[in-house]
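Two complexes are shown next, each including chain A; its partner changes from chain B in the first to chain C in the second.
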Partner chain A sequence: TLTQLEGRAIAENSMVVLLQGLQGEVTTVDLRNESTARGRVVNVDAFMNVRLEDVLYRDRRGKLTELQDLFITGRNVRYVHIPDHVDIMKTMQSQLAKIHRVRNFASHGGGRKEYELLDWSLELTHNTLFLFP
Partner chain B sequence: GAMADEVEQQPTTNTVEEPLDLIRLSLDERIYVKMRNDRELRGRLHAYDQHLNMILGDVEETVTTVEIDEETYEELYKSTKRNIPMLFVRGDGVVLVAPPLRVG
Partner chain C sequence: MVLLKNLRPPTEGVRHEQAETSVVMDGHQVGCGTLYIAETRLSWFDGSGMGFSLEYPTIGLHAISRDVSAYPEEHLYVMVNGKLADENGTEMAERPANREEDDRSSSGGEDDDDEDGAITEVRFVPSDKVALESMFSAMCECQALHPDPEDDDSDNDFEGEEYDVEEAEAEHGHADIPTFYTSDEGLSALTQEGHATLERLEGMLAQSVAQQYHMAGVRTEEPSVEFEEGHGETGTAALTPSYLEERPRGTLQIFRAVSVCFVL
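Entry: the complex of A and B
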């Protein structure tokens, strides 16, 4: 299994952080198998595995099923619909800030490795977000 | 020593050095994305990462299907479109990214 440190390192260098910032939001996930799941995001991990609750699941034929809890493996995600009111920049920045706050707090001894990861993530953030209007 | 405050921001390069740089040039522009399973997306590129996970705004998705007529064996191409205001696209479904196709 993945340690929290590894999970944060993987997540902060990709756009999965945006999905992680959707915790608590109601969204629709389109799956690879042509089905869709609409529910509240409980958690998204570094591999884009998604847990949803209070789900309306529509299979590829259109049949609806209500599910209290749904776990979708990252590989099976095709799209995630972002709710209109979500500010993408702010969400990503606050997610990255959360990751870094945890890291700074925990880094008394084993600080060196975390510092290098921090460098890299700031550069990636700069490169992927810099052209926002 | 102190950490976050000392990190220098790299200046953004304008040269194209690798394929992902070509995508960087399309940030905030409308793009065409060909996806697996006969899908195409047209939308405004807001963000992307090295996996080609992308955020597209004002998206039009086109799904193309082929039906074979049982009697004439003709191929009937049908396309279904839908519009989505803001979409996160998982990169492993992306086949190609290009500027929007221009109809001459």
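Entry: the complex of A and C
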């Protein structure tokens, strides 16, 4: 089973960390099967499983359904739309900081290594962002 | 129509069990029975020993539907990738016509159906609507236990080592593992706070440049007059043990590194 340790490690090494920062935002998720779901982000985990609430779901044929709670398996996610007002870099920085605060709290003095990891993660994600203009 | 297999309900890892639950599959009423949301798979039995199960990796999404305009009763909606197969492995429902891209002729392979985008819509309709939230949550938990093993983007490959406190303590016997930076590396790794502290400490050391100190067994003769730009090298020299003064530069590097590590 996936430990929280591994979950954080996976998240901080990938763009999922951006999606995790979207908690509370209303956004649209495009699924691989051409359907879409628009709702408020409740949670995104390390495998990009997305949980939304108060959802308007549009299936492939365009039929609309309201869903109270929706869980989309990560494998089925094609796009997650980032709302225009969301500052991507700031969101990622604060998410990474959260991860490292959790780790810092546990490590009592391993703080130095966490800052290295933070800088490296930021650099990696910053460089990755250039691929997605 | 749906052909049910003669399966047995799971006995272990059942996160939620819901009796009096009807099943509707792609619009067809299957019957009324008990839903078992277990860690290994999702299964349902009609009470006479017949039932079916769903594997979590095949489930694309699940949701609570309270929209009676879409379906007249509140229920747990589950979308399965592909079409379900019966005992013989043949597909239970017709495959959609849009199969041009798919050359493989198979009998119920989920991957093939995935390419087509064929899905199976399963509705679990409990008589107790209050249970829907628990059913939904239990499914979320179980779904999270089955992450996709093959990921299209390999960014999730984790090759680095996460700093594990317990592991470090087990190896070294203490949480603090000292390493040395060169002065440049060390300075760039400092936070603003760290920089401020370092400047303060170096300022304090610089004040002692003209005096001799006798500190806990460390005696200095004359302070070194070597300066480096802006870093109060003489201040640091005031605390240098005399036997190290023959090689001031390398030593001072080490002392700076130590003080940098200290402030971090």
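Everything that follows uses one rule, which is that the second predicted complex is superposed on the first by the 107 of 133 C-alpha atoms of A that agree within 3 Å, B and C clash if a C-alpha of one lies under 4 Å from a C-alpha of the other, contacts with A are read in each partner's own complex, and residues count from 1 in each chain.
One rule holds for everything that comes next: contacts are C-beta pairs under 8 Å (C-beta built on N, C-alpha and C of every residue); 3 or more make two chains touch, one makes a residue touch a chain.
Nothing here was measured: the structure is a model prediction, and the numbers come from that model.
In the overlay built on the shared chain, the residue A:Ser14 is in contact with chain B and with chain C.
Shared-chain residue A:His81: touches chain B; no touch with chain C. In the overlay built on the shared chain, the residue A:Leu96 is in contact with neither chain B nor chain C. Contact with chain C, but none with chain B, is seen for A:Leu31 once the two complexes are overlaid on the shared chain.
Counting residues of chain A touched by each partner, chain B versus chain C, the larger count belongs to C. In the overlay built on the shared chain, the residue A:Val41 is in contact with neither chain B nor chain C.
Common to the chain B and chain C interfaces on chain A are residues 13-16, 32, 74-75, 107, 111, 115.
Contacts from chain B toward chain A in the complex involve residues 3-4, 7, 9-10, 12, 24, 27-28, 46-51, 53-55, 84-90, 92-93. Of all residues in chain A, only 13-16, 18-19, 32, 48, 74-75, 77-84, 86, 88, 92, 100, 104, 107, 111, 115, 118-119, 122-124, 126-133 touch chain B in the complex they form. Those residues of chain A whose C-beta lies close enough to touch chain C in the complex are 1-2, 5-6, 8-10, 13-16, 31-34, 37, 45-47, 49, 51, 55, 57, 60, 65-76, 103, 106-117.
Considering their complex, residues 57, 59-67, 70, 77, 81, 117, 119, 133, 136, 139-140, 143-145, 147-148, 155-156, 158, 160, 162-165, 168, 175-177, 189, 191, 261, 264 of chain C touch chain A.
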